[in-house]
Structure formats: structure tokens, C-alpha cells
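This report refers to the structure that appears directly beneath it.
Letters A, B, C and D name the chains as they come in the text, with residue numbers starting at 1 for each one.
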Amino acid sequence: MSFSLGRLFKITVFGESHGFGVGVVVDGCPAGLRLSESDVQVELERRRPKDSITSTSRREVDKVRILSGVFNGSTTGAPICMLIPNEDVRSDYYELIKNIPRPGHADYVARIKYGGYNDYRGGGIFSGRITAAIVAAGAVALKLLRHVGVKVLAHTVNIGGVEVEGLDTNDIDKLEKAVEESPVGCADPKKSEEMLRVITEVALRGDSVGGIAEVLIYNVPPGIGEPLFDTLEGDLAKAFFAVPGVKGVEFGVGFKAASMLGSQYNDQFVVVGGRVVTLTNNCGGVQGGISNGMPIVCRVVFRPPSSIKIPQRSVDLSRLEEVEVRLNGRFDPCILPRALPVLKSVAAIVLVDHLIISQVIPRVLR
Amino acid sequence: MSFSLGRLFKITVFGESHGFGVGVVVDGCPAGLRLSESDVQVELERRRPKDSITSTSRREVDKVRILSGVFNGSTTGAPICMLIPNEDVRSDYYELIKNIPRPGHADYVARIKYGGYNDYRGGGIFSGRITAAIVAAGAVALKLLRHVGVKVLAHTVNIGGVEVEGLDTNDIDKLEKAVEESPVGCADPKKSEEMLRVITEVALRGDSVGGIAEVLIYNVPPGIGEPLFDTLEGDLAKAFFAVPGVKGVEFGVGFKAASMLGSQYNDQFVVVGGRVVTLTNNCGGVQGGISNGMPIVCRVVFRPPSSIKIPQRSVDLSRLEEVEVRLNGRFDPCILPRALPVLKSVAAIVLVDHLIISQVIPRVLR
Amino acid sequence: MSFSLGRLFKITVFGESHGFGVGVVVDGCPAGLRLSESDVQVELERRRPKDSITSTSRREVDKVRILSGVFNGSTTGAPICMLIPNEDVRSDYYELIKNIPRPGHADYVARIKYGGYNDYRGGGIFSGRITAAIVAAGAVALKLLRHVGVKVLAHTVNIGGVEVEGLDTNDIDKLEKAVEESPVGCADPKKSEEMLRVITEVALRGDSVGGIAEVLIYNVPPGIGEPLFDTLEGDLAKAFFAVPGVKGVEFGVGFKAASMLGSQYNDQFVVVGGRVVTLTNNCGGVQGGISNGMPIVCRVVFRPPSSIKIPQRSVDLSRLEEVEVRLNGRFDPCILPRALPVLKSVAAIVLVDHLIISQVIPRVLR
Amino acid sequence: MSFSLGRLFKITVFGESHGFGVGVVVDGCPAGLRLSESDVQVELERRRPKDSITSTSRREVDKVRILSGVFNGSTTGAPICMLIPNEDVRSDYYELIKNIPRPGHADYVARIKYGGYNDYRGGGIFSGRITAAIVAAGAVALKLLRHVGVKVLAHTVNIGGVEVEGLDTNDIDKLEKAVEESPVGCADPKKSEEMLRVITEVALRGDSVGGIAEVLIYNVPPGIGEPLFDTLEGDLAKAFFAVPGVKGVEFGVGFKAASMLGSQYNDQFVVVGGRVVTLTNNCGGVQGGISNGMPIVCRVVFRPPSSIKIPQRSVDLSRLEEVEVRLNGRFDPCILPRALPVLKSVAAIVLVDHLIISQVIPRVLR
């Protein structure tokens, strides 16, 4: 069940970095949703490197093909299979290092787990390439969310310690525009420049750098999510951890809550325009695992990408001998800019699943 | 499915704060495990307040009764149902405020979600009381883990900003002993005192305070966890978010990774005593969602407990009118000390499920 | 996951024949359903032996207690745990034969599967006693079905070859009344008498006899059930096979279809009173796994109860030696009369799950 | 979840009759299984019509392509995606009758369920074409079963009332050979001829005919299957009901048990060659839902195929008016011969899932 996510809206991902390509089956999409390959293509484009500085990795074309589940321009209720073929890539290099796990990568654990039968070329199923399939599924989820007015946005708030602070996140359209315009997906133009500088410097040294993204979800009605185990927070967090490089997730003020008092933290209720809202949103829109009607706010930390050109220590597992490994290739020095659409996608997939379970998304759309 | 956790080792929790009690059904425990009520009782005792300062809440006796699944002192392979009756508690107070959601609590979302039919007394199913059932299930999981040599430990590393640093976590037994001896579950005696002071002060003002706990899991063989969606990190995070008050989860160096370079972060491989290990453990023992054989290290942040005696703004939902709410009762000013066994329990439950899926825990124990 | 049934409406069963008792947790019942212990008790009474001839088994009182999930007389949306304690029963006898599997029973497979750790007293979890828990959960499902006008009925159509034919099943109330009045649950009074005679004769010889029950489900709207794997037929069949003694399930004309032509079998469409209906109902109300609006008709065959007083061959597994086994006790010579409410219950549970997935049962009832 | 089957070995099916093609994702196949496209192709060939008399349907070439999960000739542990493109087919005919549900088919329920958005061409996802994807997944399962010595066989035992009796099913190889040689998959040569004659006559009249298949599973070790809900019988039955046309499933003597006495039915235990076996196999190798080591025997009834050339009554749903419908095309007069490999496949998939859960199939094959 490892490659599936969701209960009533369920995606199943397949494919490898150096094989035929990647793909996804979306089972449980309600019938009657207008859907075309270009709807999906648009989201895939967001995952492509915007800039030769922030990403020097291979220029994947990522042309999606919808194989099933759509008829006369609408979803039919049947599973939607989407394929994204790989471009031709050279795998020779991986033969050279197939016994030498790259530090930071999943090479070592994959070899142990699959007894050496795993496809080690480019990380196989552990490659970031698989996120193209997730984004394709996310495109379907995002279109469904538009039908119920829910909006998802992901932006960069920290790269290498350069942190965005005091950003106004109330004007969604303005925020979205600023994010789109930044090469690093950062809504603060000054910080965006600084981040770009950090990435450039790091890239020149053949190194990489980490960062933090924030995901904002607007207009989720109160009462979505389930208590105890299938909480919105738990399901979102689990989905975020599927994105390669994620090492932490927090909601609202997150880890800052450790130093706060209850009298500071508690979001007090008031009536505004006949609706119950909270004065603050320290909890990030989720209480007891369930949406309270305020924007859902979460942050996700990415470790620096594992592929760096600086020599590192590793072990030749065929001889159990320590060796030095020097990686060659075109690597992303920072994954944040390209990870934003992936975060948006997994958040949308989780939300749609919960909105179907809560009977907010109808079975047949009109 | 909201009240169930796990796939092959699955727990289903039930009960309320002011009803008959709480309980759990553990389905999928292998046959042949020696199990008695006192095995479970021991873990439940750890959840009780140690100290009149750190917790002024009701002195729950938490006497567990095993109703099924154990025969002649061993598990049978059948579901294990365990009941923990509530002591008599007064619920009158909750009638007075049933239309006024307490800030920070799930009162508001519960009312929306369940159309007002939820049991609002003491938070009903959202009460921390439900964690007694989780701890009972955790006791079974912890016993199973002992059979495969896996050890789980939870300790306090931050309360109200008082942070433990540079703790040696290699000597497990010593660490465990120090944690047991501290009234706040903190292994650093000096910091433990400081934390106790913070809690005392906060309690005197009728306020509450947050904190951070660290969960350490030792001796997990490499190769446990599944790639992509059912990662160890994702499943642990989802389970931690089931613990009331948790608002963030991070693995290894966690959010600090944002400011790190790949050359600093990557855990390089070396051979020690014929085994492949990593020089550092910045990733917290999990790569690509799968254990690498190093200790699993994660941290969990708790917001300050929602119940405080300081007046707060809320809304009388029956009239949609703003009111002031002043809570009376015996509240925990800091949840960390009592949450540690709960974190340990959910971690153990997740681990056992993964170890069964990976066919490491045998079906019939000897 | 073996002891759970359902996805959004999910029951988890526990307990043994000779332990504390049996019970069930119902997770996913919408909030706002009026529910009392007497609602459940009524269904449990139907499971009790009506007659000293058709059943000589122990007179279980089956007093249910609702432990959670109900508040002020309504379901809260939280898990409903129900307990049915066992009466004191003597288990000495089972010690004598614990190494000698009773033919027909699950003693042998249980011993193999659980390495001898299973509770062998009275069949443990394999006992028909567990069906009391299923009936308790079924009572909740049946109450939910009443809210959407769906009606479930189970009746005996064959005992020991005495077969009901040409029964009019259109007048549901009349049919239900006739079933209630018959000691064997057969709506045809003449056949009912014959069946009773068969059972009496069989019981006198210390033998047992099989039979066939029919389950009828009225007023299911068209479009319920999912294509391919989660069909109504598949989910109902799987649930029926959970009832001890069931060895076959068929829908509509069932196995008779083997000898039919397409021109005879196909249910042709006509318009009656502005509604599309079929002229015949050979398919039993399900096409492509999905309800077509006609009554759902299925039949379930029960093997003769395994416990008989006639000597049988078995093996003493402790010595791997053939022995003769003679069972003593009070046994049901025919399970049909007592199995009817169990069939009704599992059918109701499956239906409710599908009606929630299809968004027909609302989350909050009014 | 409707298009997925299995828990640890899970298949997800997609595709339509007149779209791009059909396909399947197999998640949970252990790493290290030798697998090639020709392994799958062999099973797909068995699904093709053998004979111009038993099947006049389109001559699908069914060329499978493995897109993922196989590397250097072995499975990697990653999801295996397999595609089977459709040949060009004409869909014009279906435009003419898109408002007129064909009797027996799922056209009517599909239209209701999906609000008219379903792909109605050739039945869309309800088409028997989808079984090609199931057979592809079954090929993987069958190869896994060979590693643990389990053998699955399906043969025709009844067509249009011509019934096989007294067949010796002990010599598996001989039985398999006889089944392969018969154009209708019947191991009794004389009955095979009679069945062929029935089919020929029925086809000439433009009619269709039903039948019964038997599935035999040899060498399943005792103790496989789970008690109560996830029984071998229940899981096999549910999977069989996914095969278009199946309307009933029985185990062992099945519905004949209704007329049997316990003293006749009970399978008594004896010791043969140091092993515990049963004298008879009336229960069909499954007791209490769990394998007892004897061959698993089940029978599945197929209704006559729905497509016939004889005029039938239906309703034009766009005008709610009764009409006569006359179908044109090339139809299978009897589905049995082509359904046998599908039954074998779903049985194999269910068995593999249970054998992995029971930890009999190792995670990494050698």
C-alpha cells in the first residue's frame, strides 16, 4: 500500500527515474469534472526549473498523457491513469557507483530493503522524478478544490537561513503573483534576491542548501478532518513526508509554541460579520485535528539536496571498504523552488479526500 | 476509520472523558506474547501525574482490565480489548459552558462537525483522557518490541524555552534512569529544575506553557519503513499528531536543516566493527522513509495546554454573542511530563506495524 | 485487520466464547441517531433460540451495554463500544479434548495458525458466540437504514432439503410477520412445520442438518455499490462468509443461471409509473456490482452444525494418533433460525457503509 | 478504493473498452522475482478466444508492456505498471444506443451512478476488457505462487446444464492438460463436446448461455486466511464477484450442504503418512475461514452473457419511453472458456496477499 495515498480519493504512483517514465492512477475522482491534458500540463510546468541558477538539473519536458477516466472532456468516475515518459537519460554513471551508496540518498536503505534488486539508477523510485506523478494527480485535486472554493498556495519562507518575516498573507491573489514572479518562489522580493544569491554561491562551491516552505490553504469550511488518528494535521504531515527531502512539519506557530504561554497561544473567539472567527491563528486553522474555518497554515523543512560535488566518505558495499565518492552531474543546489508545486499537490490530494469523506465534494459535479 | 491506527497491527480506540471510560481493541498482535494486566498497568502509571506541581489535574486511578485476546497468560492472536473505567467525575460545570467554546480546545470544531450531538463534557473524545487507551495499546507494542530488541524512549528537551543541549543519548539505560527521576521527564538535572520552576510560576498565574519532547528509537534494523507514502517519518508524524497538543514534528536536526549545507548535513558512511554506519545522524535514522540502522531521532512540539484560569474571549454560540470565559478546575499547566509515555506508545505502535509488515516480528513468538 | 468490516462505517469485533464476553466497536456512525440499549437488545433477542426443539444450546441472556458514543440518547459521531458479557460457562470439557480437533470445527486450523496459543474453549473466537457482537453492530446499521427507508429481511428457504418455492416476497410486512411467527424463520407455514419435523428427528439422533437462507433488501436506490472490486455482491458475499457455517452465496437466480439462456436471464427494462424497472429480477437487483433499484435478493447456504453427538474420527495432535471423539453438550441441530438476524446484520452493515460512501446517508441526521 | 484489490499485495486496475487500453499497477510484489513481458503474455493468450465457435468476439491481440518495477529481469519491490493498449475499435454503434440501456449490462446503473458522464462505449469500465488487466496482474501472482509450490487451476464444470460429474481431480497435471485441450476448458472430453454443441446451437440463434467453473488450489499450507472477516472464502468470493457475469460462489460441496447431515458433512481427521488430513473434503479446504491443508475447491456461476441478438425490451432514457433494442456485433455466446484464466488470476492474487500477510512468501526472493 506504500505507493497509494488517500481513502476515497486515492492516488497510486509508479515509475522510476531512468525507466520508461512515471505515472499515477487517480481512483475516486467524482464524475463530471472538466479535465484535459493541458490542465495537468500547467501544473507540471510549475515543477520545472525556472532558472539556470536555482537548478542545473536535467530539463525534463514532462509531457503528460491521460490514458483513462476522461471521456468527452469530463471525468467519468473511473480511474484516471496519467503517464509522463522519461526523456532519454544516460545511466552508465550509476553502474560505476552501484555498490557505493551516495551519502544523504536512499541508495543504502534501498539496497538493504530490496536485497540489491532495486533499480539504483538515479535513485529509482526514490528519485525526485516521482514527484512529477504526484503533481499530475495534484492537478486533478486542485481542479476539484476550485469547485468548492478552496485555494492552496505554497511559498518559500527560508533558504539557507534567509528568512521571510512579517509577510502579509491575507491578499491571496497578490501573494500568489509575488510567488510566481520570484525565481525561488519567495513572495518577499528583497528576500528572494538574497535567497538567489545564497543558492548561486552554494552552487558554485558544488554544495547544496536547505530551506523552509509554507503551505497556506484558504476557505476550508470548519469541521473538515477527523478526530484522533485521521486528523488534518496528521494526514497533511504524512503526505508532506512523501516529498523527498522533507524532515519536519509544523502547524501555525509550530515549534515556537514551546516558549509560549497558554494565554498567548490560545486563539480566542470573536464574532465578525455574523461569523465566528479567532482573533489570532496560532493553531494554524486546525483544532483537535479538525479545520476551524481559519486559513490552514503549515511549514515544511527541506534538508539540503543530497547530491553535491564535494568529495564525501562512503563504503563500497561489495567489499565493505571505505571509499571517497565524488558525484558528477547536474544537480539542484536547492530543492525549494521546484518542491512548491509538489507540496501544493499533496496538500490538495489530502484535502480532497477529506472533503469527499465529509460529503462536501459531491459525487457528481454539475 | 478515524479511531484506528495501523494496518497489520491495528488499534481502535473508544471512550470519552466523562462517560463509562476509555478502551482500545488491539487487532493483529501475534500469538504467544506473555501479557498480563500488570504489564499494561506499569505503563499507565507512567502517564499519571508524578507531582502536585507539574499537574494539578484529577488523580485518575486508571485501572486496566483485559477483556479478550489473552489466555493462560499469553496472547492468542485474537483481538485484545482493554478497558479503563473513568472515576466518577462531576460534569455539571460543562453544562454551564456547553454553548461557549473554550479557546484552544476542540469544543467549537466538534460542535460544527457533529451538529451539536458531540459529548461536550470534558472535551468528550477530544479529551487527553483518550490517551490512556493509547498507552494501554502501547504497552502491548512495547512488549513486542522487546522481543526484537527495539527500545523506545521519550524525554523532555524544552519547556517554556528552557532547552536541553548537548545531552549524551548514547547510554540508553543511564538516559532512561535520568528521565524517570526527573519530575518533568528531563534527563538534564539542572534543566529539569529550571523547567519545574517555569511550570510552578506559570501554574501560579493560572496560565500554561508549551514544550518539546524528543523520541529516540534504538536498534531498529535497517530497511524498515516503506518508500514514498508509508514512510517511517510519515507514519510516526501522523501518529504523533494524534496526541492532543502536538503541533509539529521533526526528524534528526529537523528545522535546523534549513540553514545547513549539503556538505554539513549529509551523513557519510563508514565501516565500524564490520557494520556500515554513518559518521553523523543528522537525518535522524531515516532515509527515503526507511530506517538506516542508526537511532531514530524525532522531536515533537506541544502547544501550551488550552485550559487556563485567565479570562479569555469567546462566543456564546446559542446567541452568537461575544462573552468572557473563565475556566475553573484542576488543570495541567504543562502537558509534557504526562505526554511522554503517550509519545512512546504511538511510536511503538507504528514501529510494530512496520516490523510486522517487514516480516521482522514473527507471527508466533516462542 | 481481520476483525474489522467496513470502510467509512466500520465495525471491530472482539471476544471469545468462554472469556469475559464479546463486544464490538462501531466507528463512523453519523451523529444524531437516536440509540438506546433497548434498540440493540431487541435485535439480540432475535438471535436467541426460540424453541427448545430447534436449539438446545445454552440459553444466553445477551445483555448488551453501550459504553461509549451515545450521549443524551443520540449517537455523538464517536466510536460506539458495546459489550455483551458471557454467562458463566463450564470449560472443563474443553481441557479434555484440547488436543483433539472436533471434525467440522476450526480447532485444527486455529491450533496450526496460532501455534497452540489460541483459546480453544468453545472454539474461542471461532465460536458462533461472536455473532452476538455482530448483531449488536447490526442493530445500529438497521436503525440508520430506517432513516433512508431501506429494509432488510432474512428468512429460511431450505432446511435439510425441504425447500420453499413460489413464495410471494412483494408484501414485505406480511412476509416479515410470517417469518417472525415460524420457529424456524420460514414464511411458508406448511414448509415451516416440515422443517421443524426434520430438525426434531435429526436432533434425536444427535445429528445436525444444513439449510439455505434468503436475504432480501428493499428500497436501495439505484447506483449504490462500486464497480469492479468493491461491488455490492462482493462486499455482501465477503460479509456473509464471516457468519460461521456459510459455504456459498448467490444473487438472484444464482446457480440456476448456469442452465439459462441470455434471452431468459436478461432483465428487460420497462417504465412503470414513470420509473424505470425491470420485468424480471433474475440478477437479484445488482448489475455490474451496483444496485439497479429492484430488491436485492441473495441466498446463503449453511453447512450442518459441526457439533454432533455421533462418534467421529479425529486425531490426538499431541501424539499424532487417531482417536474416536464423542461430543457431549447442548448443541444446535440446525443453525438457520438463529443465523437469520446475523445475516440481516451483516447485510445492513455493508449497506450502510456503501450508502455513506455514496453520500446517501447524511453525516448529521435530523 | 473500488479499483484496488489486496492489502500487502495490491493491484489497481484502470482503463476502458474503447479508450487507450487497460492496465494495472501491482504494488507490493516482493523484490527478486524473475519477470518478463512474455511471462505475462502467456497468461494473456489463455484469455483470448480459442475457437471461432465459442467466441465470435473481436480478436484482441493484447500485447502487454511492463512500464515499471522490473530491472535487469527481476522485480525491484517498486510498483509494476503494465499496459495493454486497445486495438482500434469502432464506437459509432454505441452513440446510437447511448440512451438505451442494454438489458443485462451495466449501462443503466452506470448512467445513474455517474450522472451520465460514464464512458458508455462498449460498457466502458464495466467491459470484460478490463479482465485483461486482471490477468496481467494474475501472471505476477501465479509466478510468486510457484515459488511456494502453490498451484491454481480453473476448469468448466457446467455449460447450459451439461454438467461434469465424478471427475478425478487428484492428478493435477493430467487435469490441467485435459482442460488446455478442450475448446471450452472442460476436462471431461465427452462433456466438452456436448458443451461445444450447446454453445454452437445457442450462438446460431443469436442467444447466449451460462455455466459454472470450478477453481482448485493445491498445496496451500494449513493456517492461511484470517478468522471472521478476512477469511479465505470471503476474500476469494469478493474477488470472484469482480469478474463480469459471476452471480454465485460456493466452497466444497457448497449448496448441496443444505440437504446434508452433520454426520455426512463433517470432514473427519485421520493420519496419513505422518500428516493430519481429512477423509473427505466437503468443506473445500477451508475451515473457519482458514486453510486446513486440503485442496481448496470452489465453484463460481456465470450468468449467460448479456449481449444477444434477439430483440429485447428497453427504455430510451432521454425520453423515458419503452423501445425495442436489437444488438449487432460479434458476441461471446458463452463466457466460461475465456473467464477461466481470469478466475485463476483473481484467486492467485488473493492467495498471494494472504501468503504475504501470513509471512509465508518472503520479502526478498532468492
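Some observations on this one:
Assume a residue touches a chain if its C-beta (ideal position, glycine included) is under 8 Å from a C-beta of that chain, and two chains touch if they have at least 3 such contacts.
Keep in mind that this is a model prediction, so the values were computed, not measured.
With every chain reduced to the mean of its CA atoms, the largest distance from subunit B is reached by D.
Between the chain pairs A-C and A-B, more C-beta pairs are in contact across A-B. Centroids of subunit A and subunit C (each the mean of its C-alpha atoms) stand 46 Å apart. A separation of 39 Å divides the Cα centre of subunit B from that of subunit C. One simple way to say how far apart two chains are is to compare their mean CA positions; for subunit A and subunit B this gives 27 Å. Contact with two or more other chains is made by residues 1-4, 7-8, 13, 78, 113, 125, 227, 363 of subunit D. Within the complex formed with subunit D, the subunit A residues making contact are 1-4, 7-8, 10, 12-16, 19-23, 25, 27-28, 31-32, 67-69, 71, 74-81, 83, 113-115, 117-119, 121, 124-125, 363-364, 366.
Those residues of subunit B lying in contact with subunit A across their complex are 1-5, 7, 13, 101, 103-106, 108-110, 112-113, 125-126, 130, 158-161, 202, 207-212, 222-223, 226-231, 233-235, 237-242, 244, 246-255, 257-271, 274, 276, 278-279, 282-284, 287-292, 301-308, 310, 312-315, 317, 320-322. On subunit D, the positions that touch subunit B within their shared complex are 7-8, 78, 227, 357-359, 362-363.
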